[in-house]
Amino acid sequence: MSRKIYPDAASALAGITFDGMTVMSGGFGLSGIPENLIVALRDSGAKNLTVIGNNVGCDHHGMWLVLANNQIKKVLASYVGENKILESRYMSGEIEIEFNPQGTLAERIRAGGAGIPAFYTRTGYGTRVAEGKETRQFPNPDGTLDWYVMETGLVADISLVKAWKADTEGNLVYRKTARNFNPMIATAGRITIAEVEEIVQPGELDPNQIHTPGIFVQRLIKGPSYVKHIERLTTRPRPAAQENN
Amino acid sequence: MSRKIYPDAASALAGITFDGMTVMSGGFGLSGIPENLIVALRDSGAKNLTVIGNNVGCDHHGMWLVLANNQIKKVLASYVGENKILESRYMSGEIEIEFNPQGTLAERIRAGGAGIPAFYTRTGYGTRVAEGKETRQFPNPDGTLDWYVMETGLVADISLVKAWKADTEGNLVYRKTARNFNPMIATAGRITIAEVEEIVQPGELDPNQIHTPGIFVQRLIKGPSYVKHIERLTTRPRPAAQENN
Amino acid sequence: MAWNRDQMAARAAKELRDGYYVNLGIGIPTLVANMIPEGMTVTLQSENGMLGMGPFPFEGEEDADLINAGKQTITELPQTSYFSSADSFGMIRGGHIQLSILGGMQVDEKGDLANWMVPGKMIKGMGGAMDLVAGVPRVVVVMDHREKGGDSKFLKECTLPLTGKGVVDLLITDLAVFEIDRRGGGVKLTELADGVTLDELRACTEASFTVAL
Amino acid sequence: MAWNRDQMAARAAKELRDGYYVNLGIGIPTLVANMIPEGMTVTLQSENGMLGMGPFPFEGEEDADLINAGKQTITELPQTSYFSSADSFGMIRGGHIQLSILGGMQVDEKGDLANWMVPGKMIKGMGGAMDLVAGVPRVVVVMDHREKGGDSKFLKECTLPLTGKGVVDLLITDLAVFEIDRRGGGVKLTELADGVTLDELRACTEASFTVAL
């Protein structure tokens, strides 16, 4: 089904972006972000976007590019530090941010992709996150009761994800902690577009070890290059005596 | 952390079984069932068990052994065909069966393991499955409303799972469709015991490709042998001309 | 004067579209797997945790760890992926499977389906049927038009316990094909089996329908 | 007359038990990773999707695809596993992590914690903090006892927006250690930092507590 493969990010987004749409984007900080698709989203010029993801890029990187191009109206995220434009536009009221606890955000996206309109979680009970939401008690195994908040599933018009490898059927494999939000986001898009570092033939990925089955991927590109910017390079000195590690 | 490894199924269950406990067991039909642990559960003699799993074995195999030994009081399952003792005890009222749609059962177990006390699903709305349960409407993306049923999370005192390989830390990898209910059941046990065909050293399994992280596995055994009974052997004739496949 | 099992399956196969992900039930729907038109790519899902289901294995090559939802031994294809039951039904419930073709005991004119239990008989359980009809956006039911005694199985209202309410889009029987509006907009007869007349069909059909042949 | 950061971390490290799976927050809690007693096996979780977090990489060996929840480059260990954020927080919410050690802005005598926002200042977001305190069965907070101006941060009732209600089991400050009953049973002072007197502690603590030194 090589019809899923597009020559580049711009063509993969062509004809499906529109003003006011909801876009989900994978990644944690700048790790595992669909960096080429985000540039194409910026170049598409689609406006008044609702953007759902754990973060919204950081200065000069990732979804920051779309933000700086004045395309975003609303953000659902768990953490938006290291992003000065977003800070200033939020404080000035130009952009709305709905803060979600990270696990609640991940679960809401999974729920959206899995046909679950709502679920209950203990996370956020008694905090601002629960304001305006339904709360109720459920029993613990020992019979005591705890309070829970109802959270709803999330879906998107377009989901953008970054994987390590794909086969031509759209089966995806992620690498290390670059997996993060990508698998759930892949399930929650009406149209999901994946960008990968390498596209292989069917049968070259172990069928036992597919992280995202191809059913969730409608369009696929091989990214021409990956910057993979590191936000906080942290190392330890190599012991002087050590020659081979 | 080789302290997770027990010499055999009997010692892995020693001291933790009790009358009236809830046991979850992985498998779909007889594929991917913890066959050695089930024998040890029978030999433990624990009675009045609530057993949760997709099926309850079939004649002379799997959880049927525990059933035939009069240890089961209640069953939560999606399908109990091919099991004559269960049929007769259910019809006579000796055993209670709560039928769950297969996907609802899988999701209830996942929810229990993931700290979600309840969720909504469209499955079963308007059927006997929804009787006595809360129902409510949620909006679709297009603004129309659909009806949903509230289902609750499930947990177990002991979860029994079967994997293909483990490392000594309890990281598990499943094989083909023998995966089925095992990964969720591993997360939903207060104590989870895994049996595997092979135990390897940490680092021998690809960390990118662990199906069940070791955090969910408290006890681990290498099964001495696997029968892997096939319920419906279905083959096609090999074309006469074909010598190499 | 009626379609046989293969003809019913062939009619159901016309509902396939290139690129579709499809779940096939047990019985006649299983036959559809052999009727995928040449050149069309259709990926079969098995709800126990597999996408890209291949044919039955050659004798001696069966693998107990590789079965379908009917517990039959099967094979994998190059594009196959395996996943857990929770992920499998997330796929189904989330509407990602385009088409489900399954058998039925009764269907009614509101699109209700009964196919999992008969009161007083042993209940084996619904398996994944309730999830499939609730989650898959297009559901095709293939069943005999009449009970063995001759009574209509396409009813004004199902009398057996339901599998799903307002879930059937297309009903293929041995006598005819009906389009059903899940939202209560009624039933249209769109095809008659070879040699079946409209009068014959009306005589053995309890459900109301308009004719759109 | 008070513990320094390393001493506070060392005290928090005493809460570790052999075989524990632990999540460490940013700041002083991170230091605990270097204080795991010899011979004790503790597995560190990073909520962005990793169990078995190793030390920082040697210079030149960093991998942009391998970071912790603080977005720092890290390394893997032989027992490491990676998973999605949904699976990671399923692990956290489901109570599978035995211990979470994290920083705080305010704690009160009912075990409420505030550590994510100050009204009027830029809100960066709560990240995974609300999930951790709601899901992990034992939560240890490590923080300075007083604001820079000298006001108590251990209060009768938090004044900042909460991260969680009734979620703190143990509070370690630079002056003392308090056991808190999440279910409203009150606070016990169990340790004083070296050279700190009970009178000094009372003078700078708003929360009520009983003394169980």
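We just call them A, B, C and D in the order they show up, numbering each chain from 1.
Basically, a residue touches a chain if its C-beta (ideal position, glycine included) is under 8 Å from a C-beta of that chain, and two chains touch if they have at least 3 such contacts.
Predicted model, so just to flag it, every value in this text is computed and none were measured.
Simply put, of A-D and A-C, more C-beta pairs touch at A-D.
Ranked by separation of Cα centres from chain B, the top chain is D. The distance from the centre of chain C to the centre of chain D, with each centre set as the mean of the Cα atoms, comes to 54 Å.
Centre to centre, using the average C-alpha position, chain A and chain D are separated by 27 Å. Centre to centre, using the average C-alpha position, chain A and chain C are separated by 35 Å.
Separating the CA-averaged centres of chain A and chain B is a span of 31 Å. Within chain D, residues 76, 82-83, 89-90, 92-93, 135 each touch two or more of the remaining chains.
Taken residue by residue, chain B touches two or more other chains at 107, 110, 114-116, 121-122, 174-176, 207-208, whereas all remaining positions touch fewer.
Pairs of chains that satisfy the touch definition comprise A-B, A-C, A-D, B-C, B-D.
Across the complex, chain C meets chain A through its residues 19, 21, 41, 43, 45, 51-52, 76-83, 89-97, 135. Taken in their complex, chain B has these residues touching chain A: 107, 111, 114-122, 138, 141, 146, 148, 152, 155, 173-176, 190, 206-209.
Residues of chain C touching chain B in their complex: 46-50, 55-68, 70-74, 76, 82-86, 88-90, 92-93, 112, 122-131, 134-135, 161-166. Put simply, chain B touches chain D in their complex at residues 1, 3, 110, 112-116, 167, 169, 171, 187, 201-203, 207-208, 210, 213-216. Residues 28-32, 54, 77-81, 87, 90-91, 97, 99, 101-104, 106-107, 109-110, 121-129, 164, 174-184, 211, 228-238, 245 of chain A are the ones that touch chain D when the two sit in their complex.
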